[in-house]
Amino acid sequence: MNPADAIAQDTATEVEPEAPARPSTAPLGDPALLTAAVEAILFVVEAPVSAAAIASALKRPEREVAASLANLRGQYDERGAGIELRDVAGGFRFYTRAEVSPQVEVFLQDGQRSRLTQAALETLAVVAYRQPVTRARVSAIRGVNVDGVIRTLLSRGLVVELGSDPDTGGGLLRTTELFLEKMGMTSLAELPSLAPLLPDLDGLDGIDTDEL
Amino acid sequence: MNPADAIAQDTATEVEPEAPARPSTAPLGDPALLTAAVEAILFVVEAPVSAAAIASALKRPEREVAASLANLRGQYDERGAGIELRDVAGGFRFYTRAEVSPQVEVFLQDGQRSRLTQAALETLAVVAYRQPVTRARVSAIRGVNVDGVIRTLLSRGLVVELGSDPDTGGGLLRTTELFLEKMGMTSLAELPSLAPLLPDLDGLDGIDTDEL
Amino acid sequence: EFLVVASTLLDLKAARLLPAADVEDDEDLALLEARDLLFARLLQYRAYKLAAAYLAELDRAQSRRHGRAVELEERFAALLPEVFLDVSPARFAAMAAASLTPRPMPVVAIDHVHVPRVSVREHMAIVRDRLRRAGALTFRALTSDCTSTLEVVARFLGLLELYRDGVVAFDQAAALSELRVRWIATPGTDGADAEADGAGEAELDEASPDDGRNLDEEYE
């Protein structure tokens, strides 16, 4: 054990001496056991879960949990496993690897996932890039009435209506965590910039406001 | 490549030239990929699945699948993973390892983990609006197998099975008082009408009755 | 439909198709502004269309990965904290409606296999003949016999070609109102039609080098 470890351990002992209520978390000081616990937790969750959430439940420092996650991900990737640990929607979740999807789908009974229509995707794109955005604004940008499509996106949990526009009172639409998960994105920051496609986005915003 | 492989490959090319839908089943001859496929299948299944069932779905000899299963089990055991592959009731399934169940329990009780999934919410919505309704009917409406989801809704106390359908004998599902409470409602009459969302609800009822 | 028109228009580098205007008076300036506004809108349409294509790609990739959605093992099932229904009554109703709406029979998309090819040149010829005969027509009338969006787009593009050649003019009272097209060719320029045809086709073919495909492919 190097001196730094000794210090870290001493500190831990001092800070949490009155926490014998959870004896089962004590041996988690062993990194292998912590990794196993993290793996088991990820196995049972139905949505991505953050390192912070695991750390807080297990009362371990977040960096230890992050190390376990990295370790797990490396192990699964290295052996070309049928499962991979992915970093999506601000959390981690196990997924089957895309290469074996035909074999997996034989055993999945949830049938064909219904695909979003082109109109739904385009509307979703407008909401994703313009959020928070009112329905009226989305409609103006799309050039068509979007009520039906928005209802579908709401019902599928891909967008939510939260708060309202101070000027018009219209509800403000945003994308959800589920949207990020479905797209396999960690955060909205991963959306590619529209700037190259819209050289004058600011100017355009001005126009929108005046005209639409 | 040995001559036998060459022949097998030629045959495959001749026999399935117009079946590009499953190109990925071909390379399952590679034991590593077969193991990955088996692992991914075991990851998603709810009930234990036998080597024979996997072999038949993947069109590989059962002994190859059995070898993959043994290999997987060894790997998970060897590294003291948080998951283990168990041979139960004539099939195989992954379970969390007993050693880390205290941590899994702590995590599950940690609070924020109690949301329903999108699929569960959608199924609950169908039960709420169509009650009393049989599981088979819900399954037909949703277009997917709903057994697992209904079990979740039953265990969460949001629906109950009361009485049975006089025709089919299937149990009738209804929402509970807890459901109303969680929705912030005092009676089912407070559920918003579907009429504006389904302009032709009468016609739809007819279709449902005929079809299901 | 307009989205398709708009994005295709951009693919063709609309700026190049529109005549370069010398700003001489206020009227020209206003026209120019209107044109810029239209152009900005078209850019916006195209940007979101591309963004949608990107999302579709992500969705496709992610749909091949399956998360585990299995009920908790019995020993854990009872431990879950009270369930929280994170859903408004309106969304709950919408979810029920989505499930209860009859689904169309799933069909395997084969559109990409049997693609109706639409020739801009053919449709430009149709448009030209009709306008020459009638003098002026609404866009609606010009496309009333179209059986697909692609044909409407082809006629619109044909019109743009004719506009660039200076043989037609557009009148539109307000945005989104009826578009009227007038034949303004003088007999002299009229004679150059056959030649303009060939030239137009050649330029259309090279019009979208960014996408690495030619105009007719754009419609597939």
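A, B and C label the chains in the order they appear, each numbered from 1.
Methods note: a contact is a pair of C-beta atoms (placed from the backbone, for glycine too) under 8 Å apart; a residue touches a chain by one contact, two chains touch by 3 or more.
These numbers were taken from a predicted model, which means no experiment stands behind them.
K.L.:
Any idea which chain sits dead centre by C-alpha averages?
P.N.:
Taking the mean of C-alpha atoms per chain, the most central one is A.
K.L.:
In terms of CA centroid distance, which chain is the most far removed from chain C?
P.N.:
Following the centroid criterion, the farthest chain would be B.
K.L.:
What whole-Å value do you get for the distance between chain A and chain C if each is reduced to the mean of its CA atoms?
P.N.:
33
K.L.:
Distance between chain A and chain B based on Cα centroids, please, to the nearest Å.
P.N.:
Going by mean C-alpha positions, chain A sits 22 Å from chain B.
K.L.:
Give, as an integer number of Å, the spacing between the C-alpha centres of chain C and chain B.
P.N.:
40
K.L.:
What parts of chain B, by residue number, touch at least two of the other chains?
P.N.:
Residues 40, 43-45, 96, 101, 104, 108, 110, 113, 115, 117, 119, 121-122, 143, 197.
K.L.:
Two or more other chains touching the same residue: where does that happen in chain C?
P.N.:
As it turns out, chain C has residues touching two or more other chains at 66, 68-69, 72-73, 76, 90, 94-95, 97-98, 103.
K.L.:
Considering the complex alone, what residue numbers of chain B touch chain A?
P.N.:
Counting only chain B, the residues touching chain A are 22, 24-25, 28, 32-33, 35-41, 43-45, 49, 57-58, 75, 79-83, 94, 96-97, 99-104, 106-108, 110, 112-113, 115, 117-119, 121-122, 143-145, 197.
K.L.:
Under the stated contact criterion, what part of chain A meets chain C in this complex?
P.N.:
Contacts found on chain A: 43-44, 46-47, 84, 86, 93-98, 101, 104-105, 108, 112-116, 118, 121-122, 124-126, 128-129, 141-143, 151-152, 154-157, 181-185, 191-192, 194, 197-200, 203-204, 207, 211.
K.L.:
Which bits of chain C are touching chain A when the two form their complex?
P.N.:
Touching chain A: residues 2-3, 37, 40-41, 43-56, 58-59, 61-69, 72-73, 76, 90-91, 94-95, 97-98, 103, 106 of chain C.
K.L.:
Can you check the complex and tell me which residues of chain C touch chain B?
P.N.:
66, 68-73, 75-87, 89-90, 92-103
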